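One structure below.
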Amino acid sequence: MEYRRMGRTGLQLSVLSFGSWVSFHKQIDDSIADELMGIAYDRGVNFFDNAEVYALGESEKMMGRVLKMKNWERSSYSVSSKVFFGWRGKNNKPNQTGLSRKHIFEACHEALGRLQVDYLDLFFCHRPDPSVPIEEVVWTMHNLIQQGKILYWGTSMWSGAEIMEAHRVAQQYHLIGPVMEQPQYNMFERYKMEMDYQPVFQNVGLGTTIWSPLAAGFLTGKYLSGFPEGSRLGMQGFEWLKDRWIQEEKTNKLRMLDTLAKELNVPLAPLAIAWTIANPNVTTAILGATRREQLEENFRALEVLPVLTPEVMTRIDEILQNKPTLNLM
Amino acid sequence: MEYRRMGRTGLQLSVLSFGSWVSFHKQIDDSIADELMGIAYDRGVNFFDNAEVYALGESEKMMGRVLKMKNWERSSYSVSSKVFFGWRGKNNKPNQTGLSRKHIFEACHEALGRLQVDYLDLFFCHRPDPSVPIEEVVWTMHNLIQQGKILYWGTSMWSGAEIMEAHRVAQQYHLIGPVMEQPQYNMFERYKMEMDYQPVFQNVGLGTTIWSPLAAGFLTGKYLSGFPEGSRLGMQGFEWLKDRWIQEEKTNKLRMLDTLAKELNVPLAPLAIAWTIANPNVTTAILGATRREQLEENFRALEVLPVLTPEVMTRIDEILQNKPTLNLM
Amino acid sequence: MEYRRMGRTGLQLSVLSFGSWVSFHKQIDDSIADELMGIAYDRGVNFFDNAEVYALGESEKMMGRVLKMKNWERSSYSVSSKVFFGWRGKNNKPNQTGLSRKHIFEACHEALGRLQVDYLDLFFCHRPDPSVPIEEVVWTMHNLIQQGKILYWGTSMWSGAEIMEAHRVAQQYHLIGPVMEQPQYNMFERYKMEMDYQPVFQNVGLGTTIWSPLAAGFLTGKYLSGFPEGSRLGMQGFEWLKDRWIQEEKTNKLRMLDTLAKELNVPLAPLAIAWTIANPNVTTAILGATRREQLEENFRALEVLPVLTPEVMTRIDEILQNKPTLNLM
Amino acid sequence: MEYRRMGRTGLQLSVLSFGSWVSFHKQIDDSIADELMGIAYDRGVNFFDNAEVYALGESEKMMGRVLKMKNWERSSYSVSSKVFFGWRGKNNKPNQTGLSRKHIFEACHEALGRLQVDYLDLFFCHRPDPSVPIEEVVWTMHNLIQQGKILYWGTSMWSGAEIMEAHRVAQQYHLIGPVMEQPQYNMFERYKMEMDYQPVFQNVGLGTTIWSPLAAGFLTGKYLSGFPEGSRLGMQGFEWLKDRWIQEEKTNKLRMLDTLAKELNVPLAPLAIAWTIANPNVTTAILGATRREQLEENFRALEVLPVLTPEVMTRIDEILQNKPTLNLM
């Protein structure tokens, strides 16, 4: 396993990590979670990702039970949670969602309880909350670090400007700013990682824990024969055509990627994951497997990585036609 | 003429202003420049925009000569320059372009000389320069303000994240940060103004001096009968189709806008300019006319402005289908 | 016993102190540790030095057991630990060594457990860690002070430039900077204390807790009859000669020092220790004896100290020929 | 010519530059200075180095006359001066040397006069001055930048700890810190560049303008047949032997370097200069030639640079046996 420093921090995360998302509790039970986390840990994974909203808290509870059973040294792994959506679904009351000091503070305590740990290594703002001053967010996260309840804080799905505003506020009040982001990043979603965050990477540093490296499964190739025919009754002629066009273009690219993968003699899914971690600004790509075979195939990304020579990367860019560029003139 | 505070500053700019761009010197001579600037000034325009690179310095020289002849009170107008590209064209040597302290410092002195003024009211970084630390840029602009050579400094074509990084640095060293941006903004170019800069407007304030409110003339309606058939011999079938599609979609929207304009009984160009200044985050839209008639038509945007009721704005959004939105889930 | 303020802090340490290093656990058992620490405490020693890596944690555990048995007033002594190397030897995983927030945080908790104390008086970064931003180190140490888990933090084997960088960061964020260093310092190792740290002593203050005042035993005189003939088979003529030369030069100096000691009628080892603490920038010299007689001879340094008149110091410098000087031209 | 950013600044300097040192005025007259500076400028050199003390001011006067005659665009080159020693030689009165605000301020004005320029691009503290608080130095340099009299300030022959102390003070008062150093650096003088400044390069950035890349001519090979027999009557047997040993070791290394140069089919002097600029932390190496042929041979370093493959660099290290290393254990 390769380990990378998370941005400019001293924390080292395995370049592939394991997340529970919504799959935990809903699709798998404790014994499968135990098996998958065990495989991951033995393969060198040292980061387990979670959030209050995943399966409305049940995902964290399940991970907490597994961690307790496993009894690994606490310093040998890092565990995260995320705050924003609450865990009560439609029953959230005011202050049980969002990024107010009250909800961040309470969400942290509740996550510690569900995960049965004394501190979270990483704690994320799951989304920006335009209704709360960023000052309040930065202060609260800073205070949680001071209290020893979390070690590093970061954001998820924030824009570069929002992250930099958090750093400006941290600068103003002499606080600890956000050090990692959890963005979506894959072959079809490149703008934030490859354009918007560039001044953040360059000026203040930013680790990234990538979700959806397989584009919600699209890059496993399961739509190679085309998108399922959804109901487009509500769409007017113009819209329908545009939508159709986008899907056909995407499926077309997928077919070309699949051909390239066959030529390189590697499966498509690990190729797509390897492409993600080939970006040096990626700290770790989070795998969300629900079956042993699936998880083990995903780990093949480590073998595939050396296949991604500059030439192969160029060919992929030629297929994708979506590399963001900065036009200085 | 309506005047607006430039962001959170105390400076008031006319909501329509006048820029020379490359047209000066190349397309028009001193007498036409004199005529156009006179009309603008008489209509209440108090901001004249320029840059070192426009016509490689000749644009500023021409504007300088006109300002000298006119002999208006210096306090009755504001004048700008922009630094980045140098004015020697291909003969630039190292440090004669970019945003090093040396070039900003020397470019400011040279612009003062060409424009024949003692100070610039606004001084812009014409582009971001990723090879220079933003600290050096902020310090240098701050020092020029201290020396009385410029009054306000800002950016042009920077991302929200880059602007916020400048503010973070200003915060750190207790310096004067950038207070205005000169972005492209029009019905077909909305992302930066309506999405990327939102946290900047909200958290630190930002005036905007808009260039290309007519999308390089496209919104005058001159392409209503379709794009000119350019050479697409080099494009393969797939690309050609996509390109074709985008142009047809755009021309289609233009036709619908034209229909709406006729229904509202206003010409298309002033409608498009009025749409731009209807955004309260816009300080001023820069007009770049080269003929008297053209300039006077553009000024009709002021009459058109009240026509843009919430209902009309909604109809325009329905035509454009490009309002940027933030997906929180 | 003489007590000195540790740099510009208010903490007073005995000018001779006691350290366990690797000798604990390996060379001596609990009863000898108990005897030696008792002698030291009775002689007025109020600082006991330790580190997570000494005997892989066993040294701290032994010292912890002795401190518990002795039941001295907690306020009557100071105890330290050091973080960097981890205590698992070759079994360290990522984040179980180095100066990341995670390891500093966890190492502190683990040291408190092994030493059976509620707080460490001194906590050292055992080495610089170039892969972690100094910001993260300073913030984490500051937070441990805020949490009441440590009282003072410092460094060991850092360069003057690294210590000043920590102070710059502390200045930037208004944090508590490092206040002591644990360098090697003896007659044959003078550069850091007498040259490199000078601007630190002068500008921000720095206490020093010296290790190896006897140059790993060399200054006890045990090599007076020459270095043991090591295997130099692998060295080529040139190298062998140079190495030989250096050793002979050093042994030669040692003989001259021994002659001087005899003339002054003091043993060599206490003379060498006294020479160390004669430097007013030294707060304390750490003794690492493993036998009662050895420890008691080392304490004679206190009697020898007045013998070190300016004249004697000059004679020692003439023998050593290694006083670092600053050449301004 | 290759250009490099000076540390983290935006200023680009040619990797080879031209310095007048003491040679100007004493060894050469205006016409030779004119010829050499012309050759350098035509080869792409854009940095001309000077100091108040070089030839007691005459060197700057000569360079000023040449610059005036040449009438190059001011933005096409950078020029420096250095303050510390004064220019009156033994006739310096109090405050006519050192780094007091009075002398820095007056030395700057005097250098501007001698060089006949409106501002210095670079201004160096020629040495540290322990008798002046670094605060006063940083403030004065900062103020000169604010006043537009200098663009960048730096140090010469300062230690890493002293440079970082300047940065700490700059941080404290929110001032512009030093951004470049002028150290000696060559094959026989490596400690500062390769060890002491490492945390400065890494944490705050530092450009370096190297003097004596040829070790005061030693690396031209003129001592290949051994050092001249100096008078060593005053030395005692022991000292004489050591001194002798050091010189023989150095000459021996020089012979091996000469053999390597012959094998690589390049002259020794350009090889030594190329070795200096092969270090990426070097911004520029200052050439101090007094004859056209000598200058042109030195420029051959640019051709030699590609010869310095990792393998050749390793062989050079094996010859020199002086690469500074950090022992973490």
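Order as written gives the chain letters A, B, C and D; numbering starts at 1 within each chain.
The definition used in the following text is that a contact is a pair of C-beta atoms (placed from the backbone, for glycine too) under 8 Å apart; a residue touches a chain by one contact, two chains touch by 3 or more.
Because the structure is predicted, anything quoted here is derived from the model rather than measured.
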{"item": "Shared interface partners, meaning chains that touch chain C and chain D", "value": "none"}
{"item": "Of all other chains, the one whose Cα centre sits farthest from chain D", "value": "A"}
{"item": "Chain copies touching (chain A, chain C) - same or different residues, decided at half shared", "value": "different"}
{"item": "Distance between chain centroids, defined by C-alpha means - chain B, chain C (Å)", "value": "63"}
{"item": "Distance between chain centroids, defined by C-alpha means - chain B, chain D (Å)", "value": "45"}
{"item": "Centre distance in Å when chain A and chain D are each reduced to the mean of their C-alpha atoms", "value": "49"}
{"item": "Junction residues of chain D, two or more chains touched", "value": "none"}
{"item": "Touch-based graph of the chains, sorted into line, ring, star, complete or other", "value": "ring"}
{"item": "Which pairs of chains touch, using the document's own definition", "value": "A-B, A-C, B-D, C-D"}
{"item": "Residues of chain C that touch chain A when the two form their complex", "value": "93-96, 98-103, 105-106, 129, 131-133, 136-137, 139, 143, 146-147, 172-175"}
{"item": "Interfacial residue positions of chain D with respect to chain C in the complex", "value": "127-128, 130, 134, 159-165, 167-168, 171-172, 195-200, 202-204, 238, 242, 245, 249, 252, 328"}
{"item": "Partner chain B, residues of chain D touching it in the complex", "value": "3, 5, 8-12, 14, 46, 73-76, 78, 119, 121, 145-148, 151-152, 174, 176, 205"}
